[in-house]
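Next, two complexes with chain A in common: one pairs it with chain B, the other with chain C.
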Partner chain A sequence: MNTAMVIARNTISEALRKKILNAFLMVGVVLIALTFIFQQFAPRQELTLVKGMGLGIISLAGLFITVILCINLVPTEVERRTIYTILAKPVRRYEFLLGKFFGALGTLGINIGLMGLAFVVAVAVKQIGAENAVSPLILFKGILMIAMQMLLLAALAMFFSTFVTPLVNFFLTMVLFVIGNLSSYTLDLAKNSQVAIVKYVLLGVHYVVPNFGNFQYTNPLLQPDVVVKNETLFLTQNCAYAVAYATALMVLAILVFDRREV
Partner chain B sequence: MLREAFAKNPKLAGTLVPLTAAIIAFQAINDRDDMRRQPAIEPKSVKTAATASFGGAGLPFEYSLAALSGFRQVIAGLLWVRSDAFFHSGNYDAILPMIRLITWLDPNWLDVYATGAWHLMYNFTDTDQRSDRRYLPVGLALLDEGIANNSKVFDVYKEKGWNMFDKVRDYNGAVKAYQGALANDPDAEINQVAHPLAHSFERAGMVDESIAAWDDAVKRHEAWMKRPGITDEVKMRNSMGVKNATKNRSIMQIRKALRPANIAALGVVDTDFHVTVTRTKSKVIKVEGTWNLIGSIKDTFDAGVFEADGNTIKTLGKGLTLDGPVNGCRVDVRLQDDGYKMPEFGSFSFEVDPKITLMQDIVTTSGGRQVDAGGAYVATPRAGNAEAVAESAKVYNLAPKDQAVANGVPVAQALTGAVAISPRGQWQLVTMAYPKAFNAYPRYYTQAEVPAMFAKLRGDAKTVAEKLTKRNVHIARKGLYAPGSFRREIDMSKDPKMYGFKNESFELILSVNPRTAPDFVQDRIGWNGEGWNDRKYLDDKTVPGLRMIRVRVPLTKDDILGSGEKVLFKG
Partner chain C sequence: MAAAIEITNLTKQYPVPMKREFVNAVDNLTLTVGEGEIFGFLGANGAGKTTTIKILLGLIYATSGDANVLGAPAGDIAVKHKISYLPESPYFYEHMTAREIVTFYAQLFGMHREEAKKKADELVDFVGLGGKSDVNKPVSEFSKGMRQRVGIAQSLINDPTLLFYDEPTSGLDAIARRDIRDLMLELKRQGKTMFLSSHQLEDVELVCHRASIIHKGKLQVLGTMEELLGGERVEIKIENTPAELAAKLSADGAIRTGDVLTASVVRGDVSSVIDAARSGNASVVSIVPMKRRLEDIFVEIVGGRLDKVSGSLISTGDRPLVNNETSSANPYKEIAK
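Right after this comes the complex of A and B.
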């Protein structure tokens, strides 16, 4: 596992050298600017807009950083033929793959963490002097859900990267991200369908495709009066779902990568 | 490839079985109605927003996709920013589909319901700024939807209460809405909910309930101030709330005790309501009339003595001590399809029936005046409102035509004996010459005080010159009385979209509701019109317990659309 961690560290430093952090910087600036551009609205509306847009921007930036980063990690090593040098050393394939994955997660963690921090600070500043202000720290719940969503997305992109080209991987991952977000509706369609085969296909889609929609937790953060039932269970089991699904995807990725000719 | 991999690493491949089981189990938990699918996290209306198309408007595909892909709040926010831009450019029609979509995308965004209902109920107007009241049921349906989606928060109840009170003027409906806020949200803002509840009770004619509501508001404020960790600002707001509620409770207690006694002592006012309705040209009607609008004269109502706090009543006063013609009571004018009743909508839709014609306006009554022989008046080139100091002495402005009737002389001449000044005239001059301090009790001179003060005035040439002659005060030889009047030309020809006149028969309803009359009028005629009567137009049947003045004029399509001047009603 130490080997994987060494690869992970290298992956992070390589990613940072690619100036991917610039994305964070840009998003951070946008988030802070957001706190000023809605000033024509009443304070409560302004705060709703700032929070909604802020979480949306973090989510969108996270999506692109994750996909662009993860679809390229393995193919780039193969393309540059640097993978031969690595695998010639006492490094197992699964260690290489896990190292790359953890490196990607570290990079994502830094990005989402910094964007989240900038966002929470911006909201806290905006709330100074506001009456009945809700602690901005609760926004970290939303940021945690975004991070878990990106963890799952990263695993999916890593899995595909073991056997398809980056371009195909990009489309596959993005399409599954959208379908996964619609999982609630595929379930509704399945329930309402009168045709047995359609019902089971839709149920299959609902359970097989990663349910990215599970991590949508913006509403309670924007509307402080909204009462969420089973909040702790909701957050915990979604984290567990993301970890379990990502683990399964990485097991599959290891199995595929192990048999792949490089 | 995968089969080979599984065969080569059976142990690792075996881990997929418990992982798959865990994934399915977690997903099954999440699919429960009280988890991801609970309205707080994923409202059903989001799907409607993404798939519905209505009135030619709907979310574009990419917006729908984004909304369903976890960016619904972003889309809602963008639409809200856009609708704000439409508002500032005056394009109100474009805002309505936005509101529909936003409330579907984010049914917990309270401000959208409040602002949306405000747009619907206030901002759609004709050229002369009369509201398009066809939108009232639509606005109420939006608020009902907001309440259904946010039943534990006071905000939308409060909005509905205010709209019921101010716009629809359904005070029972307002009471229901405000009570809903208090019953469902223990943190309801007392000033915004409990106070208007008490006012709504008063307007609904429920006096005891109003007093009890003020009592309740005081208790709620006091309880709030004992909450741990409240800020100084909240404390101050509640402290002010206690003062206001206590003062209002006292006012209600005074009114409850004194109004019936005053009406019994002064008798019933004959309103003698007259109105003429004329079509001046196609779709333009003129409404004019006169009636006796009698109320309490400014500063002459004896409320009594208050405790040192200035809010709690210590000793009750005498109530109304001087009445006469006053300004300010409004006559409601409503032209509608014959038999129109405001519909109740089950769900919000911004479509209104273009066949409905509904116009409502208000006309203020003013210009009532009275001068007794030997009493004072102000000679002015044009009739108009008297100065406050003259008003509190029941001294009216008289235009040249009235001056000729009163045939008076300047006050300086009258003081030399040119005209006899009546005891009421002496009181008027004293009141104008030596006005009482704002905090004096009582605010007026008693008749017993007048002889001494009048004697003082006779010898005070400087005060006579500055306070009376300079104001052109005269003493009348003959008495004069003129009722209040109202007049309005209502032009519906400029807004054919709003006033389509598609039906064949219409009704024009003129009404005066005592419950919406100013307090100085209610002091004379009571909350429910107990103190007035009208030989022709008193209506105590439309609303049981309420004595309105109500004139219904049936009209045909030709009456309104025909050309040329025509008197449609005179009575």
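Right after this comes the complex of A and C.
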């Protein structure tokens, strides 16, 4: 495991130097700062807008950072042949893959963390002098859900990266992300479908494709009248779901990568 | 001598795109490399050298046959603590300095950060990159020769018993090439085992104990350097050669320069020629074994084209073997047997 951590550290240090990832990070932070230009609304509406846009921007920037980072991690190592000198050392293939994955998670953690911090600070500034100000720290719950969603997405992209090209991986991951976000609809469609085969296909899609829609936590944060019955259970369940699903995907990725020729 | 590498009937096939056919990158290869031996593994581009090395390192898997390294199946993790690999044109993380790269690789051997840093300092100095101008440069600013030095440094981290060097001097200028050749000679002196794949035939001649040539995945020749380069003919210079002997040697292509006759004779006939010269009161000026060059053997076997300036193989394309694969057509096959 120590070897995986060495590879993870190296992956983070390399990823943080990638201009495209930093560009997304900068765009995210700048957009959060730009939410201050909405001055024409009532203060409460303005705050809702800032919160909604902030979470949306973090989610969108996180999505692109995750996909662009994770679809390239393994193929780039193979293409530029750095993997040869690594796997010629006493490094097991699963250690290499886990190192890359943990490195990706570390990079995502830093990126989402920085954007989240900017977001929380923006909301805190916006709330100065406001009545019924809510602690901006509760926004971290939304940021946590985005981070968990990205963890799952990262595992999905890493899994595909062990056997498809980055371009195919990009479209595959994005399509599954969209389908996964519509998981509640696919379930409803399956329940209401009269054709058996369509029903089972939709049910299959609902249960096999990761339910990215589960991590939506924007409404409870924006609208005080939307109450989650058991918030702790909701958050814990989603975290456990993301970790369990990501673990399963990484086990599959290891099995595929173990027999892959590099 | 115990075997460091044992390859038995090794075959690696790749599917031909868009066809239901397979091509043999390595074809029924069998060879053994002893411990402490510097073994030259030669072949044209696409002959199967790198594929063989990759199988031995466990990077790819053989279609059939066996490959053992230091007594364990290829790719064994315990064995990887004792081996090292320098790929052709090694690529490293561009943003890192030489020290950072070597430190990173040292940590992959389980060394703690401080220990790894110390080892990296030693090795970077050893390969000549410890100077002030180089030490803080990222690898992206390194020349090819400097990258190769970094590659050699990372290959020495674990004080390996067995080294796999794939084209270590390829594309280097004369000075860098000599430095790396000297380093290989030093490793030879230290008793390391080396599996050296190279196009630089002069380097192989100088460094290796034994060498083999493969073509289209098949072993063509295998022997000690003496066997490969020793030659069958000897050049004899005789002064005041008796008329009868001179006539005989001239018929075989001997050349007269003044009183000296220079003849090329088969090794087995040397004694009789000397006896004939002495009995005719002639004086034998010199007897010099006519050594072949590895390049000659290579060209004869592979039928390739060599860059006369660098001595490296340009390309053989799909040119057929000059000699067919029958043993009578290829005299070097005998050595392989």
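Throughout what follows, the second predicted complex is superposed on the first by the 248 of 262 C-alpha atoms of A that agree within 3 Å, B and C clash if a C-alpha of one lies under 4 Å from a C-alpha of the other, contacts with A are read in each partner's own complex, and residues count from 1 in each chain.
In the analysis below, a contact is a pair of C-beta atoms (placed from the backbone, for glycine too) under 8 Å apart; a residue touches a chain by one contact, two chains touch by 3 or more.
Bear in mind the structure is a predicted one, so any value in this text is a computation, not a measurement.
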Side-by-side fit of chain B and chain C on chain A, or clash: fit
Partner chain in contact with A:V29 - chain B first, chain C second, else both or neither: neither
Touching partner for A:L137 - first (chain B), second (chain C), both, neither: neither
Touching partner for A:N10 - first (chain B), second (chain C), both, neither: second
Which of chain B and chain C A:A244 touches, first, second, both or neither: first
Which of chain B and chain C A:N211 touches, first, second, both or neither: first
Of chain C and chain B, partner touching more chain A residues: B
Which of chain B and chain C A:V78 touches, first, second, both or neither: neither
Contacts of A:I86 with chain B and chain C, given as first, second, both or neither: second
Angle at the Cα centre of chain A, taken between the Cα centres of chain B and chain C once the superposition is applied, in steps of 10 degrees: 160
Minimal inter-chain CA distance - chain C and chain B, angstrom: 13
Intersection of the chain A residues that touch chain B with those that touch chain C: 259
Chain A residues touching chain C - in the complex, by the definition given at the top: 2-3, 6-7, 10, 13-14, 17, 80-82, 84-92, 259, 261-262
Chain A-touching residues of chain C, taken from the complex the two chains share: 54, 57-61, 77-78, 80-81, 83-85, 87, 90-93, 95, 104-105, 107-110, 151, 154, 164
For the chain B and chain A complex, residues of the former touching the latter: 1-2, 4-6, 8-9, 12-13, 15-16, 19-20, 22-24, 26-27, 29-31, 34-38, 40-43, 47, 65, 68-74, 76-77, 80-81, 84, 106, 108-111, 150, 152-153, 155, 231, 233-234
Residues on chain A engaged by chain B in the complex (per definition of touch): 38, 40-42, 44-45, 48-49, 52-53, 55-57, 59-60, 131, 163, 177-178, 181-182, 184-185, 187-188, 206-207, 211-220, 222-223, 225-230, 233-234, 237-238, 240-241, 244-245, 247-248, 251-252, 254-256, 258-260
